[in-house]
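First chain A sits with chain B, and in the next complex the same chain sits with chain C.
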Partner chain A sequence: MLVQLLISGFLISAIYALATTGFTLLYGVSGILNLAHGTTLATAGIVAWYVAGLTSFGPLQIILSGVIAGVVVGLLTYAVIVRPIQRLPGLSDADEHVFMLVGTLLWTIILQEALANVFGDVPVSVPQIVSGVVNIFGVRTPISSLLVAAISWGLLGTLWLYVGFTKSGRSLLAASINPRGLVLCGYNLASIHRVVWTIYGLLAGVAGVLIAMVHGVSPSGGLELTATAFSIVILGGLGSVTGSLIAANVIGYIETATAYLAGPSLRSLPSLIILVAVLYFRPQGLFGRR
Partner chain B sequence: MDHPAASAPSALKRLASTPHLAWLAVPCLIALPYLGPPEYAIGIFTLGLFFAVYAMGWDLLFGYAGEPNFGATFLIGVGAYTAAMLNSNGITPPWICVIAGSAMSVIAGVLLALPALRLRGPYFGLVTLVAVLILRQLIILFSHQTGGEIGIAVPDVLALSTVANYEIALACAVVSAVMIMAVARSPFGLILQAIGQDPLNAQAMGFSVVKYKLAAFCYSALFSGLAGALMTFYMGTASLNVFVDASVGVQIIIAAIIGGRRTIIGPAIGGVFLIVLGEYMRPFGRLSELVVAVIALLVLLFLPNGLLGLLKLKRSAR
Partner chain C sequence: MGFAKLKLMTAGLMLCALPASADAQTDPVRIGVMAKFAQINGAAILNGATLAAEEINAAGGIKGRKVELITYDDQGSASDAVLAFQRAVKQDKVQAMVGTFLSEIAIALSPWAARLKTPYIITGAGADQVGLLVKQNYPAYKYVFRSILPASSTARGVCESMGDIGVKQLGYASAVLMTEDAAWTKSYDEFLKTCLPSVGLKIVDTIKVATDTSDFTPIFQKIEGAKPNVIVTGVGIIGNKPVVQWHNQQVPLLMMGYNAQAGASAFWKETSGATNGVVTFTAASEDSPLTPKTVPFAKAYLARFNTTAAAHSFATYDAIYLLKDAIERSGTTDADPLTDALEKADYVGASGRIVFQGPDDPLTHDMKYGNGFVTGVSIQWQEGKQVTVWPPNAATGKVVGSPHASK
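This part shows the complex of A and B:
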């Protein structure tokens, strides 16, 4: 029982970590809470499902199609919602925040309804990468789920290398710390934003396909994914990638434990309560900056 | 807190200075159902009027106090479910349930606002959003008492005829509009605006930010709960997807922004407009929500001050 809990907690946490990293990166670098995040994930998953059903592509091409969908949606969000709102004249900071939240929420509805109209509002899932199970300490675990966790952590490792050790990655880090200084050093902030949104789309694309593989996604399930991503990011601290990785594991294990011990229908209640407690006692989260 | 009471007459005077044309709309609205529109249309307008009250309550909080409340349906839902649960348990006169519903909504407002007001801006919005999700979970958890996801039936009605229900909704909307506007234009409203625009300065001048915001929150909750409870009796049921839904809360925000923030009347117009538009688009099925969202997005991007802001802009250009 305990081993089972640990293993499924580990698997779900890996996906959560990948799914929230893009979201928190986006907030850290450009200060935008993208409420269409869950729907972006769902879009990637649904497109991958559609491609998988239509063709006889292997898993790699299917994931690639989802990633392309994620990047397209990410860049569209930037071009259609974020950029125009930032350019509106005469908005105060508070106004701009609310406009951004409402704008991305409207974008969620638009994406969700467009998906539901084209593909139907039913949960779909992407076929597993490989079939078969392995026995880990007496728990039968699908190999595919282990691969999913490996892909998640591998991608996160790559991201870490990119941000820490490449020139363009470091400029992203600089943008999150002091955008004005970066501009003074001769960097083009607009192109950095485009890079961030591309990386965001990439991460969301992979995460969306993996979620569709393990859980299944539906057009109207996007908002729920956003809510989960939110609780994780708030717990870890807005804009802190390390924090959200740790928080993803905390929430992942707690949700799994709740589902096993108290019943699957209560799955998301503890994370909501944690969210409120964190906002109340430590609004900046575990690792956030004020 | 003494300011609004002491200056009520002057607030009324300021109300009277509103363009007379706007007040002419009230008798027109009262007479509307007698001009012979189909009953169905009256029913839609009734819903629109309740929605108008929600949007006005939201505008008092955002437009004046500067707090984005993403959980308007938390307050509405508490009012609606309190009224419905009381009535289905045999508390008969519906108006008692309505009063209890609005009172409960104010209490819930205090419970939500006290912790939430420690936070600013987006964090405040988040807590209010989460409050809706938690209330939803609680209602599902205690489904024996609350009806869970199916909803709870209300045995009594306030009035049988469509026209009478319309007039009740209209009365609720007009009273709310007058009361909210009176507060918004009173010294209390001015202080709220000052707090919303520059909390630090307002505090330095000796105004307790939390106290004023809390008062605004309660005031907003009172009308949201009232309209929620009345709407439960009109609809005959209280269900999750109508009263306790984050996306309904978003619709309220959209209504307020379409109508024009910081105008109170603008959001009311936006609320009715959004409901009527949604109904008009209903034959298109799921596509209707898409179209409504696109229209709202276009207004957000190209008319950030809303429909009423457009009028004001024209007037000042003249």
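This part shows the complex of A and C:
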């Protein structure tokens, strides 16, 4: 039972972590809460499913097609919604935040309707990378899920190396701490934002395909994914990548434990209660800076 | 002066009235079709209606009148559905309404069919409550009919098929009942809890699943912990998640019972083949000649829409023909005589011989179930194909055990 809980919790947390990192990175660097996040994930998953059905592509190409869809949606969000709002003259910071929230919310509805019209509003799932299961301490675990977890953590590790040890990565970090200082040093903030949105699209693309592989996605399921990402990010602290990694695991394990010990239908209840408690007692989250 | 004017007016009125009454005989028969069309089941409803209307119009219509379908997308919301129903009757002047996938919506629309006195044939929603509502509020609710089996009849079909193919052919003795938390599963569960043990299948656990469940791992672990021989399902709204995860995790137990989505051929594609092995009860299948109309309908449907007909397609196709039959017998599209004619229908459709239960039967205006009426079939997904495995007289193949059992 304990082993089962640990393994299930680990697998779900890895996906949660990957699914929220792009979201939190975006907020950290550019201060934008992208409410179209879940639909971006769903788009990547649905496109990958569609490509898998049309062609005889291998798993790598299928994932790649989803990633391309993720990047395209990410950059479109930036070009169609975010950039025009940022360029609006005479908008106060507070107003800009509200505009951004409303803009991305409308964008998510547009995307959702478009997906439902093109592909139908049905849940779909991407074929697994490999089929088959392995026995880990007596727990039957799909090999595909283990691979998914490995890809998640691998990608997160790469992101960490990129942000910590490359010049362009460090400029992202700098932008998250002091954007004005960065501009004074001669950096172009707009190009940094484009880089962030591209990385965001990459992360969301991979995460979307993996979610479609393990759980399945649907156009109307996008908002639910946004809500999950949102709660994890609030618990971890807005903009803190480390915080959201830890929070993803906390929520993943608590949900799994609840599902096992109290019943699957109560799954999301305790994490919501914790969330309310966080908002009461530590509104900046576990590791938040703002 | 007054008299002359009156004469003129009367003449004018008569002139106006003449073409109008002549029009009533050539005007199209307007039938509303309502569902959430972006979903498999909604599309199945729309396609079934479309095919029936096209066939009827090609054959000269109903007593020379064309059938005109007017579509209403309810977006899966009861409030949208109620507004659309009112608009359909008051503004678009539909003479009957067919469709509705969610029982919650069918329950909300039934009083409106009564208030607006409009025949309404439900072709997707299965909660027994609908038939009970008609019975309890008869004759006010007499306009509401249903051409898809109610949940308790579906449960009966599931139970009988479990006895024949689960117990007798596969040798199963125990089961876990896994159903989604929705209006229609109340009567479904209730029936199966007494019926399954009577056919030799002991229920070792019953699990209710929230329709927004995303991770089924704990559920399958719990089910396996109870050590049953088979999982008996009751899912419709929940979609493909349980099937996909059942496949991914190679749960070594067969999923049998009722799965609304698995009845459609698109399900293989949507689940990327994960549905292999799944057994579901459904109205009819393309390869089992329940009536002389079953196979021709299924073939025409496949040719027209490039997907196989689901239970809801059969039900909606039959519903349009039921209306045609009733209009021809009553000679009118007026609500009351039309409803009386529907009530007396004895019509062989694509899904069986359709005779409605009367005001004194348990579920008024639901189809009579059983031999000689509508029975339904069970199909199993075998390597991309739906194979009919029950009832024995319609079966085209044998049921096979769990595809994951040997691993």
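Heads up, the rule we're going with is that the second predicted complex is superposed on the first by the 290 of 290 C-alpha atoms of A that agree within 3 Å, B and C clash if a C-alpha of one lies under 4 Å from a C-alpha of the other, contacts with A are read in each partner's own complex, and residues count from 1 in each chain.
Convention: contacts are C-beta pairs under 8 Å (C-beta built on N, C-alpha and C of every residue); 3 or more make two chains touch, one makes a residue touch a chain.
Small disclaimer: the values here were computed from a predicted structure and weren't measured.
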Combined model on chain A where chain B meets chain C, clash or fit: fit
Which of chain B and chain C A:106 touches, first, second, both or neither: first
Partner chain in contact with A:84 - chain B first, chain C second, else both or neither: first
Partner chain in contact with A:280 - chain B first, chain C second, else both or neither: first
Which of chain B and chain C A:117 touches, first, second, both or neither: both
Contacts of A:234 with chain B and chain C, given as first, second, both or neither: first
Which of chain B and chain C A:265 touches, first, second, both or neither: both
First (chain B), second (chain C), both or neither touched by A:214: second
Minimum Cα separation, chain C to chain B, after superposition on A (Å): 5
Touching both chain B and chain C, residues of chain A: 116-117, 121, 265
Chain B - residues contacting chain A, complex: 62, 66, 68, 70, 115, 118-119, 121-123, 125-127, 130-131, 133-134, 137, 140-141, 196-197, 246-247, 250, 253-254, 257, 261, 286-287, 289-290, 293-294, 296-297, 300-301, 304
Of chain C, residues touching chain A in the complex: 36, 38-40, 43, 181, 207-210, 212-219, 221-222, 239-241, 244-245, 248-250, 266, 269-274, 407
Chain B contact footprint on chain A (complex, rising order): 33, 81, 84-85, 88, 90-95, 97-99, 101-103, 105-107, 109-110, 113-114, 116-117, 121, 223, 227, 230-231, 234, 265-266, 268-269, 272-273, 275-276, 279-280, 283
Complex contacts: residues of chain A adjacent to chain C: 4, 8, 11-12, 49, 52-53, 116-117, 120-128, 132-133, 140-142, 144-145, 214-216, 218, 224, 255-256, 259-260, 264-265, 267
